[in-house]
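Look for subunit A in each of the two complexes below; its partner is subunit B in the first and subunit C in the second.
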Partner chain A sequence: MDAYREILGGLPTTLMLGLLALAIGAIGALPLMFARRARSLLLRVPARAAIDLLRAVPPIVWLFLVFFGLTEFDVTLQPFTASVLALGVVSCAYLAEIYRGGFMAIDHGQVEASQALGLRRRDALRFVLAPQALRVALPAIVTYALALLKDTSLAYTIGVREVLFRANEETQLGAASPLSILLFTAAIYAVLSIPTALLARRLDTALRSKVAR
Partner chain B sequence: MALKRRNRGETAEHPPAGDGTVDRVAAVLPAPPLSQAGEPRAAGAPVVRLTDIAKRYGDHVVLDGVNLEVREGEALAIVGPSGAGKSTLLRCVNFLEQPDRGRIEVAGHAIGVDEKPSSRRLAELRRSSGMVFQAFNLFPHYTVLQNVSFAQRRVLGRTAEEADACSMQLLERVGLKDKAAQYPARCSGGQQQRAAIARALALNPKVMLFDEPTSALDPELGLEVLAVMRQLADEGMTMIVVTHEMNFAKNVADEVAVMCDGGIIEQGDPKQVLVDPAHARTRQFLRAVLER
Partner chain C sequence: MLAEWGDYLPSLLSGLAMSLKLAGASLLVGMPLGLTLALMVQAPLWVVRWVAIAIVELGRAVPALVLLQLAYYGLPTIHITLTSFLAATAGLGWITAAYSSEMFRAGVASVPEGQHEASAALGLGRIDTYRSIVIPQGVRVALPALLGLAIQIFQATALAFTIGLPELLSQAYDIGNETFRYLSVLTLAGLLYAAVVLPAGALVRGIELRLGRHLAPGQR
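Here is the complex of A and B:
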């Protein structure tokens, strides 16, 4: 029983890691997306290159680059910090594309109506475009957040004491059968993910029923 | 301005409401006199003046140096075949399209095309006009009331109470009071378009621009929108209406302009131009309309 309690003790670390990375991504994706949509090539081309590169390399490689690679520049990060940074930066790229998809789904007539009313660009963005884009992007954002939650387990490879790290420890200590320990670990992730997905689906349906034809 | 705008409806039988206290809300839509359509009206000062407007997309000339003037209280209909440049011309009035050449003047705000207008001057120009689109373009995440109130608060700086009070009056005028709390998706096309008209009127525009407002509607729903537009015209609102509704052009508009291939080929009294056109191309177009 102690083994299971020990594994559960990693849950706060797993959740913190996922939520912090998601927060970095959710905020950092905004400037990245605006740069990607900018008219100026000077903004658009680097943003696009950054997004492509971040998504082209596996997250675990980014994790190693941040944790081990940066030591060559005398930057030594704690494993947890390195994990938050690596997963956060990768999330910026994915979420920037998800946001962009949301904005692209908006009918251009919404922009024209805002302009014709004499709204400032800032107001049009904040009150007309962003809410509609967010609504479109919501299912994709939740899907990404759940994938990110599972990717937090990568942090185990650099010694962050999250759920999977502790499960691995317990199997080696032999306190319980490896199968039951791993099934327990799987259940933890599932219990976190499935209700979130259901909630998101319900929210999406509720929002959609208001605006759907 | 609000008082002067009534001039079209003011006749001996229907003098203006003489209380002289026109508050901001009432100024949006003065009390409607009965229809005076067909009677000659005193023309006011020009509200919209387009000078030598040209626009091309690559090699394709959309507008070829168009001049147009609309006077206060005048309802101008623009008709003509597809691709003639009607909508493009209308969209130049509030700079949704930037012309390549020419000068645009709306209610004293002038923008020449050789300059790059600042966003503040563009906003001033756009604030003087209200636009109604073919596809309504209501904000789907706002209720009908919020759609009408939103820009009043953000653009005119009205409080929520002021804006909502004004909106409810406008919604009553377009017959949508009971739809105020509904989302646009729950409204018929005709209701949505009437809400869009209320939304544009809420900013006290000097001129209303209608871009084929009934083309996306079935004939019945189109009629309820046309009725609201007719009421507006009778109340003396200055309007430019791009339309294929020949009855509206003939019976409600004070003036009609026929466009073809990027220019105005004929302009004048609708009862003259649409009944006995001088231009062969106009005759051809009208024959096609009648044969439908």
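Here is the complex of A and C:
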């Protein structure tokens, strides 16, 4: 029983890791998306290259680059910090594409209508376009957040004491069989994601009805 | 840095070959299983339906790393011992099956009802209708999504590093451990992943456009 309690004790670290990375991604994705949509090639091309590269290389490679690679510049990060940073930066790229998809789903007539009403570009964005884009993008954001929750398990490879790290520790201590410990670990993630995934599907239909296309 | 990369390249390329082999094996196991699950989810018998749903939902909800460890460290508890390659194939194959089943399901569902009716009118049985009419059309619709999944599975092969498979990332990590030049060797490994993923992604987008040529611009 103690083994299982010990594994559950990693849950706050897992959740904190996921939330912090998501927060970095949610905010960092905004400038990246605007640069990707900009008219100027000088902004658009580097933004697109950054997004493509961040998504092309597996997250675990980014994690290792941040944790082991940066030591060559005499930057030594704590495993937790390195994990938040790596997962956060990768999230920026994925969320930027999700935000962009949200904006692209809005009918262009909304832009024209805002202009006709005399709204400034910034106000049109804030009161007309962004709220609708967010509604379209929200289910995809939730889906991505769940993918991120699963990716927090990568942090175990550099020694963050989250759920999977503790599960590995317990299998080595041998208080319970590796199979039951790992099944318990799998169940923790399943209990966290399956209800949220179902909710996201409901949300999708409800929110889509409130967007002009 | 370039001179170093020349030294690293042979072992990294052999790692890349292993990564590609693992991705291929996982897709070979996972895709047919995904199609089977997609058909099982629509089965009239509730037991079949619920078993399929459970396999799909678990494959999507549990992190790939946990599935790999279950296959490699967990299964020996019930006296099934797999090599790291087979364990990785089992774990990633499960994930492939879970995600692809949703894509197959959506593809099959997109085939118009009239096709079923026409097949019935021609006297085709249920199995023949699915085999020669519905599945070929459904797979065509699902193809771009399935190819996208194949790319993601290739990226996920990096996780097999944790169960000691000598794929690309673990080759890079070993070199890093020997030389302490992590940045250089990991950068090269990252570029090799990108060198496979970026062209493959462009190819998939090309195929997607080509398959959607008959659609009006708004539908694409």
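FYI, the second predicted complex is superposed on the first by the 207 of 213 C-alpha atoms of A that agree within 3 Å, B and C clash if a C-alpha of one lies under 4 Å from a C-alpha of the other, contacts with A are read in each partner's own complex, and residues count from 1 in each chain.
We adopt the following convention: a contact is a pair of C-beta atoms (placed from the backbone, for glycine too) under 8 Å apart; a residue touches a chain by one contact, two chains touch by 3 or more.
In this text the structure is predicted, and so the values were computed from the model without any measurement.
Engineer: Taking subunit A as the common reference, can subunit B and subunit C both be placed on it without clashing, or not? Answer clash or fit.
Structural biologist: Aligned on subunit A, subunit B and subunit C fit with no clash.
Engineer: Contacts for A:Gln110 in the overlay, against subunit B (first) and subunit C (second): which applies, first, second, both or neither?
Structural biologist: A:Gln110 sits against subunit B, while subunit C stays out of touch.
Engineer: After superposing on the shared chain, does subunit C or subunit B touch more subunit A residues?
Structural biologist: C
Engineer: If we overlay the two complexes on their shared chain A, which of subunit B and subunit C does A:Tyr189 touch? Say first, second, both or neither.
Structural biologist: In the superposed model, A:Tyr189 contacts subunit C only, not subunit B.
Engineer: Looking at A:Leu53, would you say it contacts subunit B, subunit C, both, or neither? Reply first, second, both or neither.
Structural biologist: It touches subunit C, and subunit B stays clear.
Engineer: For A:Leu41, using the defined touch cut-off, is the partner it touches subunit B, subunit C, both, or neither? Pick first, second, both or neither.
Structural biologist: neither
Engineer: Minimum Cα separation, subunit B versus subunit C, post-superposition (Å)?
Structural biologist: After superposing on chain A, subunit B and subunit C come no closer than 15 Å at C-alpha.
Engineer: Same subunit A residues contacting subunit B and subunit C, which ones?
Structural biologist: Touching subunit B and subunit C on subunit A: no residues.
Engineer: Over in the complex, which subunit A residues touch subunit B? Could you list them?
Structural biologist: Touching subunit B: residues 107, 109-110, 112-113, 115-121, 123, 127-128, 131-132, 135, 210-213 of subunit A.
Engineer: Name, in rising order, each residue of subunit B that touches subunit A in their complex.
Structural biologist: For subunit B paired with subunit A, touching residues are 94, 96, 119, 123-124, 126-127, 129-131, 133, 135, 137-141, 150-151, 154-155, 183-185, 199-200, 203, 209.
Engineer: In their complex, what parts of subunit A are in touch with subunit C?
Structural biologist: Interface residues on the subunit A side: 52-53, 56-58, 60-62, 64-65, 68-72, 146, 150-151, 153-154, 156-157, 164, 167-168, 171, 177-183, 185-186, 189-190, 192-194, 197.
Engineer: Flag every residue of subunit C that touches subunit A in the complex, lowest number first.
Structural biologist: So the residues of subunit C in touch with subunit A come to 57-58, 60-67, 69-70, 73-78, 155-156, 158-159, 161-162, 169, 172-173, 176, 181-183, 186-187, 189-190, 193-194, 197-198, 201.
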